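A, B and C are the chain letters, set down in written order, and residue numbers restart from 1 in every chain.
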Amino acid sequence: MLRKEQNDLLTQTGPGTPMGDMFRCYWIPALLAEELPDNDCAPVRVKLLSERLLAFRDSEGRYGLIDEFCAHRGVSLWFGRNEQGGLRCPYHGWKYDHTGQCVEVPSEPKESGYCGKIKLKSYPLIKIGDILWTYMGPAEKQPPHPEWEFALVPSEQTFTSKRWQECNWLQAMEGGIDSSHVSWLHSGNLNSDPLFKGARGNKYNMSDARPFFEVTDNEGGLFIGARRNAEEGHYYWRVTPWVMPSFTMVPPRGDHPVHGHFWIPIDDENCWAWSFDYHPVRALTTEERGAMKAGKGIHVAYVPGTYRPLANKDNDYLMDREAQRKGITYSGVEGIAMQDASLQESMGPIVDRSKENLVSTDNGIIMARHRLLKAARALRDKGVVPPGVDPAHHRVRSAAIVLPVDKSYVDVAEEALSVIEGKAPTSV
Amino acid sequence: MLRKEQNDLLTQTGPGTPMGDMFRCYWIPALLAEELPDNDCAPVRVKLLSERLLAFRDSEGRYGLIDEFCAHRGVSLWFGRNEQGGLRCPYHGWKYDHTGQCVEVPSEPKESGYCGKIKLKSYPLIKIGDILWTYMGPAEKQPPHPEWEFALVPSEQTFTSKRWQECNWLQAMEGGIDSSHVSWLHSGNLNSDPLFKGARGNKYNMSDARPFFEVTDNEGGLFIGARRNAEEGHYYWRVTPWVMPSFTMVPPRGDHPVHGHFWIPIDDENCWAWSFDYHPVRALTTEERGAMKAGKGIHVAYVPGTYRPLANKDNDYLMDREAQRKGITYSGVEGIAMQDASLQESMGPIVDRSKENLVSTDNGIIMARHRLLKAARALRDKGVVPPGVDPAHHRVRSAAIVLPVDKSYVDVAEEALSVIEGKAPTSV
Amino acid sequence: MLRKEQNDLLTQTGPGTPMGDMFRCYWIPALLAEELPDNDCAPVRVKLLSERLLAFRDSEGRYGLIDEFCAHRGVSLWFGRNEQGGLRCPYHGWKYDHTGQCVEVPSEPKESGYCGKIKLKSYPLIKIGDILWTYMGPAEKQPPHPEWEFALVPSEQTFTSKRWQECNWLQAMEGGIDSSHVSWLHSGNLNSDPLFKGARGNKYNMSDARPFFEVTDNEGGLFIGARRNAEEGHYYWRVTPWVMPSFTMVPPRGDHPVHGHFWIPIDDENCWAWSFDYHPVRALTTEERGAMKAGKGIHVAYVPGTYRPLANKDNDYLMDREAQRKGITYSGVEGIAMQDASLQESMGPIVDRSKENLVSTDNGIIMARHRLLKAARALRDKGVVPPGVDPAHHRVRSAAIVLPVDKSYVDVAEEALSVIEGKAPTSV
């Protein structure tokens, strides 16, 4: 349960808000690289942290992320011409480079130097893996580039998608660190989804619906361990790393690719759910990549031409009561991602956390909120750089492991929960 | 004409408002019984008096009307699994019975008794006739069950429908007690609609467009008598009972079934228009029931899969100017119900009653508002139970009668305007 | 750049606002005459200056523009019956004539004189040219009828259309007096649009993208002269008259018809863009009229049954990046009118003028705002009739002319920029 002012602090990320300032300390995913496929391709509208921006890729392949609107009279540069090393407003020909610097105001004499004084707000945009990342904070505080394993492995080993989610980022992220719902909401999918089925661990997941949680702090965030009964004298541990503010990884299953998410605010009532799948030591198979593109696993099928899920709140997520009744899907909604999204969106655009009743299995959520509140206040009050900015914090993995009852996942953390190049995931 | 504060008082029915408290004194229609056709069928979202609720029917056939959102983290229980005597949230398996009592929190040990402390807001939901009724007030003040004749007669004698109306309840209800518009707005239908045509009274209705109104108070509300000229030395009286807060009956025509309405607030800008047809002493014929289902009389045809009229404000009610010009329909809108609804919605979501110019034929409306204001204030200030709560007030009928000029409808009220079992309506 | 309070003053035109009062000093276009084609035809909803009105044409051909809502209980008279010299509300038969005077209240005895006391707000509606004009100010200050040349020439010489524009009137109007964008935004169309191509002046327009502006005040508004290089020793002048508050004319091209606009507020976030084409001395050809109806030149193709452009913000104006890349259209949007509208709408419903960076080519805009502010304040503070009300101010023309470098367009203003009957436009 949170008081209203706590909930407001965590959920509001526009310019000048404490949580907004905190998000502006990190490199965050802005676009899929596929959205800007070629030099001089069409620019793309991007709304992040309640700011309206425009992304483009210039004639030399440089990426720009600038204010959407021309400095002259406020026209959207989405209508601009991307040509000859810059984006030109079609109204009067003002031209900007990828840093937002105005490089031409045709009506003014060049010798006046007028255009040199005009510069749009802009943020760096860099490609790492399949993602274009941005950093929206003050230039002098820009941190080193992100080092998430999924983005650093060779491209044949990784796949990333994004989808529009119609609610605040926090209730989406809270779903990502909530291991306890898997035995319920996704129970219909564990044994049928091509990217989940067949793992030995699934049977523990299904047979013990009352996991015990052991959550541990680390420098970048948390490890959330869920313990279920396994064979006599053993426990099955699933460990979810959470790196602040919103990186999560799902524990692996057998030799399946491992997956995880970022939850990035568009504005206070919408977010991007970023979803990745990768394997640290092998290429994805054709079947796996095909399934991901088809919306299996944690990915979705889209409304054509958009990143909006085909099953969405306007069509009640294509609810199928018959499939619910028969247990083909537990909630009647098809697909793991939309099972989560449908419920999270059903809470309303920003859930009122003063009405919750949290239980022991919500410990991960409780501790994550605590860490977020603490970090946002430390940044606001003392300028303390928040956890997760340091790339060393990025080098985490999820794990699924069977241990004797006298051991905890903490005992194997060093080895199983860190990125060790060339080493396969710790998975059951 | 009403002052703004009077209009606000009458039109606002959310929790804590005087008129909202008053509506919460009554049993009101919540759903059609057909919306919950089977045990363990799909739950239904219900918004009433600005509260978001969920109706369901459990494995033993018990009806529940509970808060839409799970007490745990706020997920909509519309996605829930209706099974084994309760509704289970698909997120973490919390389960509720038909009273909103939480009966299972899987993550907590049974012996903790945790779930016993969790109870959702809930209201009783009972089936009488074709309707599921609820009472949304304090449990200790719950009145006896409703005794409206249309809901008590054998099922073969009665038919009920509902439709979404996109305006405040009061301007819809005011249409129901306004007998004077029939000679105008519905004039094209009196002689063509299968559920209206052929009655001797229709000709008086059509030939005298300037009725005289005699409105009388009774314990539960009002009788609104409209007097028109009939044959030499006689008047044709049509008497509409209004029972507080929003039950009305249309005066009968020949041996046609008698009809009437409830107008129930969804929120302050939407209401349910409930419409019933019944005959006190005979079964409805196949033709009559077919016509009702087809949207004739006071019923409507729907957008498939919804209770929204097919002719609605998004399509200008399928206005047909040619039919208007030829007088096939007086306003160009087809069907008695949509003729009323189109005009009432055209006033805006909540009509500004400070701009009205009321005339003598609006006496029923004026007196009804006066009674509502008085009752809402008496409840608010002194806790007085409002008229219409007592089931004795429900046992009224409408009547249509020709009387000598020296008699008023009041003289025959006892016999014609009360429910007398086995006695046919007083109708011309 | 404008301060917020200046921007508010110029952009808000509802009842009681200074700019709203100013618009209420003029005869303004309300409807196309084609919208009320016949006596007793269907009435038309009209929203102007944030007032909801209803236009109709009675049995004798008289035009009325009255309050949309019946004085009795507030029903929209759009549902009314237009018959026998007036508009009858279909609810209770109240009837109004074209002046808004109630002429019948059926429920009240005629001798009571009741209906004589009921009068709806109404404004005069007169047909001049293809337009129905209204004046929404106090009756005692009604000015003489408008004398715009395009509306006074024989009907075979003129053509007018209107389209809904989804932004404030001022940013639309500012586009109309901004000659500098033509060389950019419309460059793809000058040589291809049937109503623009082939004129000698076009080549100057295209070859000199850095025009010099000379703006001169006149009694009714401004002349905005744009000077571009022509042959050795000569300048090409394009002169745009602006008459307050929102009449503009595009300079002519060869013997093409001349065109111009009115920008009339619907409410503060929507306006009507009125577009006319006429030739002062000859009939429009069949080809020209056909092209106008097809949406060429400054006209548009519509969503069928509406005056909303087919290319609109819901479909990203049918953006064609390939056409943009090839320069078929400069911005990728097809058609001169939608090129303007798309950019103006992209600024948002009401652009924030505190963020602008204006340059020398924006002088016309700067001076027009200054004149508007001055006039609105003079009216508000001292009751001064604003410029443009006097029909003498209407008799202006645009011009396109090549002059020796030692001459300005001001030297030929008398002859070229005034309406001289029977004289062709001054055009190159």
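Brief remarks follow.
Heads up, the rule we're going with is that a contact is a pair of C-beta atoms (placed from the backbone, for glycine too) under 8 Å apart; a residue touches a chain by one contact, two chains touch by 3 or more.
Just so it is clear, the model here is predicted, and its values are computed rather than measured.
Between subunit B and subunit C the CA-based rotation angle works out to 120°, given as a multiple of 5. Because subunit A and subunit B carry the same sequence, their contact can be compared by residue number, and under half of the numbers here are used by both.
Centroids built from CA atoms put subunit B at 49 Å from subunit A. Annotation for subunit C: no residues touch 2 or more other chains. Within the complex, the subunit B residues that touch subunit C are 174, 180-181, 184-185, 209-211, 319, 321, 324-325, 330-333, 339, 342-344, 346-348, 351-352, 355-362. Listed in rising order, the residues of subunit C touching subunit B in the complex are 40, 42, 69, 71-76, 78-79, 81, 90-93, 105-108, 114, 118.
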